[in-house]
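In the part that follows, the structures are each spelled out as structure tokens.
Shared between the two complexes below is subunit A, which pairs with subunit B and subunit C, respectively.
Showing the complex of A and B:
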């Protein structure tokens, strides 16, 4: 069978699976709690599915693998290590979050500090951050499919647009179901590709031996371009960003029980570890088998590299894994962006559900917002914006500035005490990244320090 | 609402539209690919025949480059693999077989946009199915919710959804019409039950009152006789007995007037005079309770047509109730104005209002919230107003209560009669 036809058939099968496994877009008995947090009763399996699938974005699967292919283990030190630090921190916020019955992190923030301005500010930050972050997912999906099928990126992006739209219309229950399917594709695709490539390269020992001979620098956790200090700071920033990211926190809030939330973190860490191990094998083995593949973008290089080193079936499995990662992250972010717009930024929306008529109108507005944000993202993904990945990193760090301190550091919230420190931290971050040209991850640390200083005011005498 | 047990409208529509989309895409792409393959095969055969005919007149070395042109469609195979034979003039033989995989690959590449657009079409069909299902189930869900609310005793009105088909709009209107009719019917039933209850109560009350009134009169006479003979120290007790007997007599009289009201003696009289009389009668209780009193009658207000004594009783009751509702002071405002064939008289106070749960029962006999009340005052007011063919409305809030009477105006020419 022609490889092209096989690829299209695989995408078709994925489409049908998504359509029939994601369940219904419109639940007969739905309200805002069900739509945003699955009625706080998502069970362990879909919880793990949605947590890990959201974790594995196309940008991280593709970005980490290609960084590893280019620079070796420094990619692990600088990114995955930091992300895993974030994962290790998460158990500390489970109880804190689950005490609240909030439907969104901005709402939690606003209510914890008794300050509606905080809710609006953080919701605005989330709306912007996630919209731009979704552009990366759309772009990654579009570039890979366009390259595989030799079609225009717009046509390929239309596919991810429809996938994401379809799965997000049903709210978190639908996202969680589709994410479980996506996770199985990610694990299956990465494992199959890694096993095939490892078979071709011999073993991990053989890969290391080849690297030691051809590019020994790739085996070191630091490189000349990335000094230990910079790498550690990057790692720390990524860790703080992940730990405070509402797309994970909201999942911990959605679990049926606190025990399920803890079990989700435990099981997810194992699966995430397995996937990163697979990606590490892929990146290093691919370098050994075919070094010096380059292209205009990471997405194109990824497609060319693995089309060349893998047989058709494992290659399609790997590409499908990237697509599943893009869809699963984008739908989660789209839901949170719509929540920020329709719930947190709408002052008239109270915390409690109204009667069915009110809920129906509210959820209808949410669906309109989902369609509008997804359409805006599709349009933005077609522009060759300079530094799309950089915008993603900005988004990541802005979110961390909004939520890290309140979630992990502040134990006794002072009413209306955080707005000024948070605004100052955001302004400092903007100044450092735009005017001083500091990397967003590095600018995050002084911004967080300023936020902490202004909040705790250690120079003031304690009463 | 019961959880769904069978496939929903959305699932069914998705299945139908997905099947249609797959069938259409499969048919379109299948036809295009098959037709393309047949055309390519025919073209390949034509090329082979042309090459074969040309090669038969050429030396092997000259035929070789010519046969290269067959490569897109034909592949050379070993002699024992069968296939088509091409022979040169000097007797060299080549065997060619159709390269089906290559032809298919080229065809699929050519049709790739059709295939991807088919995939997009499939997704669009699913999204359409979802929205079609949504537009159908959304009003159904509202209707089911409305029925559920009705079942639990809440009267609801379904909102009209924007851009719904007229059939569903008709369903909504029918539901709302049904709710309004049922509500009217329930009000009517309540009213009928009340009338029935009051009639029964009236008969009993009349019998009891009749039996009690005569002994009471006798008791009063004998008490007055006793009063002169008793020593000074005992007179206070007798005075209390007398007050209580009077109170009992008043209650019995009210009961009788409620149970057997005398028919009104209709005649014309001025609302201004009625209001003035009431104001003068209630000036003292108002002053004692610290309540400001004011009254006004609209210029040109038509005269009333009714029983002046009964209507004085009505307004006196209402004003005294209004004073009682404002123990810490307030105001009572009486106003009269003409409204077509009726004269509207309102009695407004600035008391704490009537709680919503009690509003329906205030005209019921023996219903009172005051320990010293008989609970008959407002029942009598209601009966008298109804006896005049009038209407009484109550508006109440935390800022006060307004009783509005609509009483018949005197027909033209009756003023002087």
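Showing the complex of A and C:
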């Protein structure tokens, strides 16, 4: 069978499965609790599906693999181990979150400190961060589908737009259902591709022996540009950023029981570890088999590289895994961005639950917001602006400044006590990134330190 | 046959750190789940 026909068939089957699964989750009697947090009734299997599929974004599957291919182990030490630090911290916030009846993390923050300003500030940060981060998912999906189906990138990006819109319109129940399918595709695609490539390269030992001979620098956990200190600091700040990311915290709130929330974290860490190990094998083996593949973008280099080193079936499986990763992360972020806009930033409509008609209108406005944010993302994804990615990284760290301390450090919230420390931390972060030109991730650490210092005021005498 | 020099000590530490970070959420979650039952 010609490869293009096979690719069209596989893509068609994925589309149909997504339409069927997400469509089943649409509910005629829905309210905002069902829409945003699945009525706090999501059971273990879809919980693990949506947690891991959201975790594995196109940046993890494609970005990490290509970074590993280019620079070797520095990517493994800095990013994978850094992201996993965030996962290690998460079990500690389960109880704290589960006692709340909030529908969003900005709402939780505002209510915990009795300060509506915190809710608006953090919702604004979330809206910005997720909009820019979705651009990465749209780009990855667009480039790969364009190459798979031999169509223009704009048409392919429009396809991801439709996929993401469709799955997000049904709220978290529909996102969770489609994510279970997406997770199976990510695990299956990465495992098959990694096993095939390892078979071609010989063994893990052979891959490392070839690296030691041809590019010994790739075996070092840090490079000349990334000293051990910078690597460790980046690892730490990525860990803190992931730990404070509301897209994971909201899932812990959505679980049916506290037990399910703990079990989700326990199982997810194993699956995430398996996928990262597979991606590491892929990146290193691909370098040994075919070094020096380059292209205008990481996405193009990825499709070119793996089309060349893998036979058609595992290659299609891997590309489908990237698509599944992009869709599953984008729909989750889109839902949270719309929630920030319609629920947390709209003082009148967003605060109180009304009757059924009001509720229906409120959810209709949410769907309009979902379409508007997705359209803005689609337009942004068509411009090859490096600035967009930098703004994405910047907004990401802003989200971490908003949520890390309240989620993990502050045990007894002081009413209205966080707004000033948080604002000061945001200003310091802005100063360090804009004027001192520090990387946003590195500027996060002093900003968090200042926030903690101003909140706890250790120089004050305890009463 | 794997050459022992192929896996320098820092890589073994890196992989052990990875394994520890993957297993830690499992054990912490189970311990906290039991404590709060």
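Basically, the second predicted complex is superposed on the first by the 449 of 463 C-alpha atoms of A that agree within 3 Å, B and C clash if a C-alpha of one lies under 4 Å from a C-alpha of the other, contacts with A are read in each partner's own complex, and residues count from 1 in each chain.
We take it that a residue touches a chain if its C-beta (ideal position, glycine included) is under 8 Å from a C-beta of that chain, and two chains touch if they have at least 3 such contacts.
From a predicted model like this one, the values you see are computed outputs, not experimental measurements.
S.K.: Contact-wise, after the overlay, does A:163 reach subunit B, subunit C, both or neither (first, second, both, neither)?
M.R.: First partner only, subunit B.
S.K.: According to the stated criteria, A:442 is in contact with first (subunit B), second (subunit C), both, or neither; which is it?
M.R.: Neither partner.
S.K.: After lining up the shared chain so the two structures overlap, which partner does A:5 touch, if you call subunit B first and subunit C second: first, second, both or neither?
M.R.: A:5 contacts subunit B only, not subunit C.
S.K.: Touching A:15, do we find subunit B (first), subunit C (second), both, or neither?
M.R.: In the superposition, A:15 touches subunit B alone.
S.K.: Report for A:125: first if it touches subunit B alone, second if subunit C alone, otherwise both or neither.
M.R.: Touch status of A:125: no partner.
S.K.: Tell me the contact category for A:66 with respect to subunit B and subunit C: first, second, both or neither.
M.R.: In the superposition, A:66 touches no partner, neither subunit B nor subunit C.
S.K.: Touching A:357, do we find subunit B (first), subunit C (second), both, or neither?
M.R.: first
S.K.: Mind pulling up the subunit A residues that touch subunit C in the complex?
M.R.: 73, 76-77, 80-81, 84-85, 87-88, 90-92, 94-95, 203, 205-206, 208-209, 211-212, 219-221, 258-259, 262-263, 265-270, 272-273, 276-277
S.K.: Please give the residue numbers of subunit B that touch subunit A in the complex, ascending.
M.R.: Within the complex, subunit B touches subunit A at residues 1, 3-4, 8, 10-11, 14, 18, 101, 104-105, 108-109, 112-113, 115-117, 119-120, 122-124, 126-127, 130, 133-134, 137-138, 141-142, 145, 158-159.
S.K.: Which subunit A residues qualify as touching subunit B in the complex?
M.R.: Interface residues on subunit A, with respect to subunit B: 2-5, 8, 11-12, 15-16, 19-20, 24-26, 28-29, 149-151, 155-156, 158-159, 162-163, 165-166, 169, 355-357, 360.
S.K.: Please give the residue numbers of subunit C that touch subunit A in the complex, ascending.
M.R.: Residues 1-3, 5-8, 10-11, 14, 17-19, 21-26, 28-30, 32-33, 36-37.
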